[in-house]
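I am attaching a structure below and will ask some questions about it afterwards.
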C-alpha cells in the first residue's frame, strides 16, 4: 500500500518536478494537489506534460482532508509557506521546499528575508534537509526544510573540505552559474526568453544572495567558528543546472581525498577522478551530483567544481529523498532514473 | 531473472538513450556493450552522465558472446547495420534502430539509400517496428526494424486518417520541425552549436528525405493505392523533439474522431481535446506522443499537429517497447517515466 | 543637417531596434524619446546595450515639442497607437509600427482586432508600408503603416507569384516559424525562457492569426478576386528570425523566375539559386530577406522558403527604409549593415 | 580612395566577422580573400549571410598579388599563421588574429604552445594589439598581434587595477564564461549543438589555458614583478560573448575609481555606475566592453565583472581598430555600430 501524499503549490516548477518523480515512485500515491490561484483546473491544463497521469484536480489547500495524508510537500513561495505550514495539522509530516525553515535563528532569518518569521518555534523544530549530512535527524523529523539549490551545491562541495580541515576558511570563493528554472515560473521581465537566451550576467553580486544565510549557518556550525565565504551567482540561458566553481587554498590531492572519502558510499554523489571536472549536461534531469577537483598551477590552490540539477537534487529530488527517509522507505526509491542527455 | 541484452553501437545518442531507459527497467540487464571505434573505454568516459551505472566496458561487437544474450539492440549507422546484423547468430532476437530494414522492397531501398542491400532476405523477414500498428507481428518477430523518427511522427498522425478514409489522399502536406539529436553524434559543420543555435532552416526540401520511403511504403499499403505525401523537414536549435504539422483536406471533427478512436486505449499516445495542439516541450525525454487537431478557417481543411521526442518514442523508447513485446514482458515496462519539463 | 526624429514607445524591442539602426544612420538625429510608463528614465537604464549613445532621457509623448520634429516613429501597442496618432499634429510625418493602420477597411479591422477603430479616416489615408511594393505612395505619404512581420515575410514570397499568375490561388499554405521577440517585451508566462527554450509549438492554429487580415487585403487586391491562404505560425526558441515555408501549386522554375524577376534590382531581397533555400541565421540582425525555391517530387508542386529578421526587415528596418523615402533620403541609408553571424 | 585590404583565412568565424565589419567601413575595400581549403568558392557559398556583398572569390593566399594590398588581416589557426606571415612581403602591414605573435619570449611561446616558433625575430618585432594600451606602438607597427579574446577581457578589467596599485597582486582570481564561437568553426565533438546547448562546464581548469601566457607577460611587465593569476574558463551555450568575473582584494571604491579614470575617454569601454555589473547581452555583436564593480560583504574584497563580444572587441573588431590606427584612419571608423539586442 503506497503512502498518500499531498502537494501544496503544485502549479510551480518544483511542484511539477515532484510529480514527475512520483510518477514512477511505486510507494507514493498522490492523494491531493493544491494551488490556490488555479484551484478547479486539472493538472493537464496547468502542466500538459503530465497529461498522461491520473491526478486529482487542483483544489485550495484549505480544502484538503489532511487526515488521509501521510506526508505533505509544500512548494509555496517563501513567506506564504510559513503561514500555511503553521496552520497545518500537528500530526502531519511535512517537507517544505521554500526558504522559510532553513535558518534556525530568527535574527538571521530577518536579516536575509526582511520580515519577522510567522512561526519562529517551528523554525527551531525544523530539520535542515541536506540529506547526506542530516539523515538521522530527517528520518525522525516532522518538518524538514528543503535547502536552497545553490546552497546545496556549495555545501556538497565544501562541507567535507571544511570538516576535514583541508582548506583555508578565510578565502573561500564560490562562483556559481545557474539555470533559469531556479527563479520559478514568475512573470519577471528578466526571465523572458528574449532577455535571457544568448547571454549571461551575474546577479546579487557582492554577497547579497539569500543562500549566503545557509552557508553562514552551516559552515560556521561545522567549523566551530565564523566562516564567511564569497558567493557570486550568474544566470545562464539554460533551464536546468547549477555549476559551482570553488576556489580554495589547500592541496588538491587532499581536497580530492576528503571528497572521495566523504562520498564513497553515497548513491547520488559521484566524485570524479582527480583532474576531471563535471558538466551540468551530465546530471540534467537527475538526482545526481558530480564533483571534481583540479590543482591550480599556483601551488597550494585548488579548484573544485560541482554540478547538479537545481530542480531535482537541488530541490524536488532532495524533497523526495527526505520524504523516503521520513516514511521509512529505502532512501533511493524512485530516484535512480538517469540524467536526460543530450 | 531479468533478460540479458546487448547493445551494438553504444557510443551514439540512441545507444545512450537505450541505456538511460534500461537504467530503471527492472526486467532487462545490460550484459554487453559494443562500439568498435571506442572499444576498451568505459561508458563513464564516453557518456559521463551514465557514470553512476555499473555497466560493462565497451568491446567490439565481434567479441560479444551472443549465446548469453536474449536480445540485441543494434544502434549502428545504416549500411553498417545490415552488414553486422547479417553476421549475428540466427537465434538472436534483434531490434535494429538503423534505417536498414525499414523498407521491404529492395528496389525502394536502393532508390532511397543508393546501394544494393547486403541482406535482402532479412529485409523481407524484418517487421516494421511501429509498435501501435504491428503489435502481433513484432511479438512474434526475430528481427524488428525501428522506424525513422520523422516517419513515426507522421504515421502516428496520418495512419488513422488514411485508414479511416477521413482525408483526401492526394494533397497531404507534412511540415516537420525536428531537433538536432536526430542527426546523431557525427562531426558535421552544420551540426556545430555556432551554426545551429539561434536560427532555423529547411533541409531535404522538395521530397528528397529518405523517410519518404517509409511513408510511401506504409501509406500505400494502408490505402491500397499509391499515396505520395509532401514532406519538408526543418532543423531547430533544440536537442530533442519533433513537431509535425499536417495540412489535410477533411472535416476537422471527423479527423479528430478518427484519431481519438484509434488511440483510445494506447498508453503512450494522447489525443488532445479538439482545437488544442501540442508542444514538443510536453513530451521531451519521454515515450509519449501528443496529437492535436484544429479546423482551419477554410471549410474542409484541417490541421493536425503531432509531437514526440525523436530519441525516445521516435527511436530508443520505441525500441524498448518492441523489445518488451518480443520478450513477452508487459509492453509499458520501463517506459512510463514522465517528460522532463521545463 | 540630419533630420530630427522622435520615437514614441521607445522602451519596447522595436523601439530599441530603431535606435540600434539610427545609431549609425548619418542623416537621422534622435531629438526625442517617449515611453510613458518609463518617463524620466535614461535609455541606459531601460536598454543598457545603448549606453554608449548620447540619447535624450525618456519623456511622456505629450511632453514632446513636435514643432522641432521632422518624422515620428510610433512603436506603441495596437489600440494605443491609433489613439496617440490621432492626436499628433497634422503636419507631422509618421511611421507607425503597430497593427493599427494596416487594414484599410474598418470592418476588416473590427473583425480581426475586435474593436471599432478610433481614427477610421486616418485608416484610409495610411499607406501600407511594404516598401518594395508601395514605394511611390510611401514617398508621398504623411502616415505609413508598418506591416506585420509575418505578413511581410509571406508577401515577399507570394506577391510576385500571385501577380505573375504562376501559382494556384486556392491552395496556398504558409507554414511559418518565428522567433520570440515578435511577441514583444510583455510579461506573459508563455514567453518565459523556461517555457520556450528547448521546444516548439504552433499557435493561432486554424486561421485565427491577425496577420491574415493583411494577407487577405493585399492578396485579394493583387489578384482582383478573393484570395484566402492557410497560415499557421509556430514559436521557436530563437530571439530573432522568421522562416516561412510556402506550399503552392505551380512549376518551380516559373515560380523561381517570377521571384528572380521581381527582385532583380532590389537591394534588400536576395533570391537564392534554384534549389537552394534560406536560413534565418543568414539574415539575423539585418534588413535582408532571402528567398529560395525548390520543386517537389510531386509534379506541379513547388516549395518556397523566405527568411528575414522580424525586428529588422520585418519591423524597424522596414520603418527606417520607409522613413528614408518619406524624407527624400536614399532608401538604403543606414540599412546596409551585414547580418550578425554566427 | 579606400585602402585595399586582404584577408587570409576568410572562411572561419573571425574572417566572417572582419567582413561583417568592413561591409560598412567606408575607408576599407576588400581586394582579396584567401582560404586555401576553400579556394575557388564564392563567399556566398561559404558564408551565405554575406551574399549581398560584392566580394572577390576565394583564392589561395599564394595567389594574392600583395603589391596591390595596403594591409592584410591574417585569420589563420596558430602555427599556420607564423608560417604564412613569415613568407609575406616585407612592406606589407599585417594584423594577425592568431596566437602566434602575442608572446614576445620564444621560451614562453614554446611552454604554452609546445613548439618552437618558426619566426622568432618577427615575434620580437610584433606589437601586442590591445589597442587602448598600445596605441602609439600599433600606429607605428608593421605587424600587430591580436590578443586572445579571454586575454583581452581580463586585461581590460585588471590592467588599470594593477597599474594603479589598488589591488593585491597575489590572489587575483578570474572566473570566465565564454561563448562557443571562440573555439572557431572546427569539427570537434564537444562543439556540437547537442553536446553544448542546455548546459555548461569548465575547461582547462587548473591554470592550463594558453591565454595565461598573455596574462603573465602583460601583468608582470605592468607590475614590474612576477604576477600570476588564477584563471578558469567555462563554456556557455551562447555563440558570442565573454563574461569575466574577477575576485580581487582591494577597496571597491578605489577599484571603481581606477577603472573610471582609465577609461574616461575611451570610445569603446564603458565603466558602469558603482554597484552595477554588466551582461554579455548588452555588448553582443559590438565593439564595446562593459565593466562593473561591486564591493563584497567581506571588507577589503571587490568583484569586478567585464563583458565583451569575443568575435568583435575580442578579435575582429579589435583587428579593425588596430588597422585603422596603422593606416592613419580615425580609430573608431566602422566600429560604432550598436549591439544587437535582443
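Should a chain be cited, it is by its letter among A, B, C and D, assigned in written order, with residues numbered from 1 in that chain.
We take it that a contact is a pair of C-beta atoms (placed from the backbone, for glycine too) under 8 Å apart; a residue touches a chain by one contact, two chains touch by 3 or more.
Just so it is clear, the model here is predicted, and its values are computed rather than measured.
Chemist: If we look at chain A and chain B, which chains touch each of them?
Modeler: Shared contacts of chain A and chain B: C, D.
Chemist: More contacting C-beta pairs: B-C or B-D?
Modeler: Most C-beta pairs in contact, of the two: B-C.
Chemist: As a test of understanding: of all chains, whose mean C-alpha position lies farthest from that of chain B?
Modeler: The chain lying farthest from chain B is D.
Chemist: Between chain B and chain D, what's the gap in Å when you average each chain's C-alpha atoms?
Modeler: Distance between chain centres, rounded to whole Å: 45 Å.
Chemist: Indicate the whole-number Å distance between the mean C-alpha point of chain C and the mean C-alpha point of chain D.
Modeler: 35
Chemist: With centres defined as the mean C-alpha position, give me the chain B-chain C separation in Å.
Modeler: Once rounded, the distance between the two centres reads 39 Å.
Chemist: Give me the residue numbers in chain A that touch at least two other chains, ranges are fine.
Modeler: As it turns out, chain A has residues touching two or more other chains at 13, 181, 194-195, 197-198, 237-240, 278-279, 281, 284, 342.
Chemist: Can you list the chain C residues touching chain A in their complex?
Modeler: Per the touch definition, chain C meets chain A at residues 13, 180-181, 185, 187-189, 191-198, 237-239.
Chemist: In their shared complex, at which residues does chain C touch chain D?
Modeler: Residues 13, 16, 19-20, 23-24, 47-53, 181, 197-198, 239-240, 267-268, 270, 272, 278-279, 281-286, 288, 290, 336-342 of chain C touch chain D in their complex.
Chemist: Okay, in this complex, where on chain A does chain D touch?
Modeler: Per the stated touch rule, the residues are 171, 173, 175, 177, 194-195, 197-202, 205-208, 212, 228, 230, 232, 234, 236-241, 243, 245, 247, 252, 275, 277-281, 284, 292, 294-298, 301, 303, 305, 307, 342.
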